[in-house]
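One structure, as structure tokens, below. Some questions next.
Going in written order, the chains are labelled A, B, C and D, and every chain counts its residues from 1.
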Amino acid sequence: MASISAELQEQTASGVTASEIMVTAAAHEVRDGETAVVGIGLPQVACVLARMTHAPRLSTLLEIGVANMSPVDIAVGLADSRIFYRATCWSGFLDTLGMNLHRGVVDVGFIGGLEVDRFGNVNTTLTKEHGKEHWFNGSAGGNDVASLANRVVVIVRHGKRKLPEAVAYLTSPGFVNGRSRQELGLRGGGPHRVITDMAVLGFDNPSRTASLVSMHPGITVEQLLDNTGFPLEIPSPVPITPLPSKEELRLLREEIDPGKMYLR
Amino acid sequence: MPDKLKSVAEVVRSIPDGSHIALGGFAIARNAIVFAHEVIRQQKKNLTLSQGVMGMETDLLVGAGLVSKIIVGGGSLDRFGPVRCINRARDTGAIVHIDSSSLSLAFGYLAGALGISFIPIKSLLASEMMERLETAAPDYLRRGKCPFTGEEFVFLRGITPDVSVVHVPIADPNGNCWIHGPRWENEEQAKAGKRLVVVTEELVPTEYIQREPERTVIPGHRVEAVIHQPFGAHPTSVFGCYDYDADHLKLYAEYHKTPEKMNEYLQNYVFGTRDHWEYLEKVGGLRRMNEIKAEAIFGY
Amino acid sequence: MASISAELQEQTASGVTASEIMVTAAAHEVRDGETAVVGIGLPQVACVLARMTHAPRLSTLLEIGVANMSPVDIAVGLADSRIFYRATCWSGFLDTLGMNLHRGVVDVGFIGGLEVDRFGNVNTTLTKEHGKEHWFNGSAGGNDVASLANRVVVIVRHGKRKLPEAVAYLTSPGFVNGRSRQELGLRGGGPHRVITDMAVLGFDNPSRTASLVSMHPGITVEQLLDNTGFPLEIPSPVPITPLPSKEELRLLREEIDPGKMYLR
Amino acid sequence: MPDKLKSVAEVVRSIPDGSHIALGGFAIARNAIVFAHEVIRQQKKNLTLSQGVMGMETDLLVGAGLVSKIIVGGGSLDRFGPVRCINRARDTGAIVHIDSSSLSLAFGYLAGALGISFIPIKSLLASEMMERLETAAPDYLRRGKCPFTGEEFVFLRGITPDVSVVHVPIADPNGNCWIHGPRWENEEQAKAGKRLVVVTEELVPTEYIQREPERTVIPGHRVEAVIHQPFGAHPTSVFGCYDYDADHLKLYAEYHKTPEKMNEYLQNYVFGTRDHWEYLEKVGGLRRMNEIKAEAIFGY
């Protein structure tokens, strides 16, 4: 059991949710002045938080063709007009994914998926049961972002089936079979972080496999290993994910998502 | 010129079975529902559909059993769920499906629009999507190297649909179109088509277009037909005109869960209506349309 | 000496200028509903005349990124804002020369040049004197239009040096050495007409060389041959270029170019 | 953010000799004259310039002897005559000149902007331009075939200038730019640059940009520096702001006829002025600028 500081315990007690920890951890992955390609949901909220705190000059792009939106209403998806509001540029795929992402100027790309494996490979598309395929939405910009962003951050709920040894269908390449991005013929830097509701994983090791960066407060090593489909090296002492600061919590709860649309 | 103004019925009549149609919607935004409904009423068969991110229009056509092949980047009904008719067809192998990425579709349309037969891209490499595409669609993509740098690329074949259909908020009778909000792949998709049909919410005089010509995303001389149909995208949204109709999308999300229920939906809302005006009456008429009408400042 | 009808003689007498005959002949080369890429000057005036007469649905594009302009003031060049007025689309090269011309949907392309030879090859760029080169403006869209338009119409003043056996520098290919466009690897249909102040030439013959389509009224065969740098087959009787109709003359003189900016 | 607002002097100081600069003017429209003047004052040498259709800005830099190579489609001063300094340099072999076509430049920039190292085109084939380019610039283009159709193409290398400079009528402090009137190759040229500098006539608050984001041709996050200089393109025109100054262009067309006179021009109007405000005073000041100021409806 990882030891948690008194302050952390107090804050955890004060009811910080896993989503709030995830979104704050995601916000800390972007630096001021960078350009990020985001989806709707936690990544968008994380970027809003980052812009309101340490990264006021962060640029956020939606693949659909929206730059630096400042929505005043909660959007239900990428195609929801609410997310277009007060943008500084409306364009299209060719600009966002082409002249930015493919051009190599996107620093961080946030993606989700059905599965992510130990090499950071992501499956956005289908599941398999006894060899039978069940299709979901497909890649959309997921493969493009995974292939081309300088740093890829995967956001996914933690669970054995969500984090398997190997994805059922490799739609978005990470370090396939532990090979370097160059060997794979890919331009982007590949997976940088996997942020779940239990921990933050990274790939800064020679084997290019997921290793623990930090575990969220209140989670036990046992819980973590039980819910991870691949072996995970646990440093000791176990680093603990920093909780949101009081100001970050205030922004999230009072200004960014008061309706708890994303931060349940 | 006025002779480009056509009814959706006559436009669809001019499209033969087996055509490749590029659709311009994105999930639940700017779907050419009025066009999809008429294609279903006229039972155009064996269609190939291409699209960056599929939405309800494509789900309707696949659900109606009229589609034999799709070339797509992805698709969903956003929070209203997956495109279940399409996913069923992929699960059962009822359709040929070329699944790539949003940018791959945009690049393919760009090449088609520019009249270049292929274009290099750095997506798809090292993925299982690539493995499947290389075997299933060697005429759609293949590996190649840059003659200058030697870098490995995927060479995508230019996509030139028989007919491109784009739903826009504003067009004049010559087909000059403006699009408010993001345009996803619409400009390239429109200009890649061998024929181009636009559905417009508002029909404006050319005088209006001439005030801000830099807004013209699709120049009229490329447009073969202009279909003027207010609320033609319902229940999907048209930024600046109206919001998506959450009630009807929830209803659709229930019906498309099984082929039987989907058929009921088609019988009721498509075959059961003579045209889009009748359809609009059935889904709530003037009162409902007024409820989803866009607020001036926000555009939704 | 070509015989001229009484009516023609009377109209010529009434002072129809060579420019007026040229511009009218050029206007007759475009059909209703077609798309033309034009430059400033005679081609632009010709298209305005065509739109006011037999081709109201003609679309005209300027390479710079202007569609269907209706200028109310005379422009001095392609970059003159006066030519942008009341356009229906402002875009750029990628749209006009790329998504239209290169896409293959431009029916007629008008070009000028320093020289045009018997195969319809055009030199837009330089002259040579005793091996020394003298550079002018260069191709700009000239090579693109010559390579890709379905029908190319060259507008040039008549003269031995303007119409040589072979151009000094082949910037814009016609039927190079009499070869077909397909043999040359070119998509466009190639030269269709050369319109000068003395005659209209065409290429509708097996040898793909310039032949006389019609001679302007008042010009003699002797004058024509003396001013042409390559052999020209003269049919007999010599077809005469139709003069502008009274209405065409009225439009040109009273509505399109009252200031005689182009129609001196 | 405000820290993108820079003086032309500090921007030019940051550009090393030998840089490849893509200029955004077209003949006598939207030339970045304020930028060209400062490059001359600071005597940046051995420059490579690329441009679709060259105008006065490029003629000035070549006339000042600072350019060793040009990659261009064409160029002129419209009715004010040819770009004589450049033509002289081509005649005498004083510069390396890669002469292609307007579309070739646009395609090269497009490839550069998209991050693809080459793009196929059907221009240039069967011309003497092609023959010269194949021998003189094998790293700029070469022949190739479509892997799908076998059709012969010219493969153009993507162009990625060290610095792209675009003169626009409207920008905000973050670098979000609008362009009124035609845009020639500006969007691709801007986004192809490794660095991007914009010169703007009007500096507007971001609030203004957010009213019509579909007009943003260059998104701010790509822009490194914003130079705010009213009449910064004089004597060339900026549609919607002011007309070209025919008097000064006629004067320049006289001076650039010989190297000696050209040098006089540079001494008088460039070296003889500390900055663009002084230059503007010298060419007529407020009264003259008011005479060429655009009329609201016509934009010129």
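Note that in this section contacts are C-beta pairs under 8 Å (C-beta built on N, C-alpha and C of every residue); 3 or more make two chains touch, one makes a residue touch a chain.
Values in this document were obtained by computation on a predicted structure and should not be read as measured data.
Placing every chain at the mean of its C-alpha atoms, the farthest one from subunit C is found to be A. Centroids of subunit A and subunit B (each the mean of its C-alpha atoms) stand 30 Å apart.
Separating the CA-averaged centres of subunit A and subunit C is a span of 60 Å. Computed from the mean C-alpha positions, the centre of subunit A lies at a distance of 41 Å from the centre of subunit D. Residue positions 90-91, 94, 98, 102, 187 of subunit A are each in touch with at least two other chains.
Residue positions 107, 114-116, 121-122, 151, 180-181, 183, 214 of subunit B each touch two or more of the other chains. Counting only pairs that meet the touch rule, the chains in contact are A-B, A-D, B-C, B-D, C-D.
Contacts from subunit B toward subunit A in the complex involve residues 26-29, 52-53, 55, 72-76, 78-80, 82-83, 86-87, 90-91, 99-107, 110, 121-129, 151-152, 180-188, 237, 239, 243-244, 294, 298-300.
Contact residues of subunit A toward subunit B in the complex are 62-66, 72-73, 76-82, 84-85, 90-94, 97-98, 101-102, 124-125, 132-144, 147-148, 169-173, 176, 184-187.
Interface of subunit C with subunit B (complex): residues 35, 56-57, 59, 66-68, 70, 86-91, 94-95, 98-100, 102-105, 187. Residues of subunit B touching subunit D in their complex: 107, 114-122, 139, 142, 144, 146-149, 151, 153, 155, 157, 179-181, 183, 214-215.
Contacts from subunit D toward subunit A in the complex involve residues 1, 113-116, 172, 174, 176, 191, 206, 209-210, 213-214, 216, 219-222.
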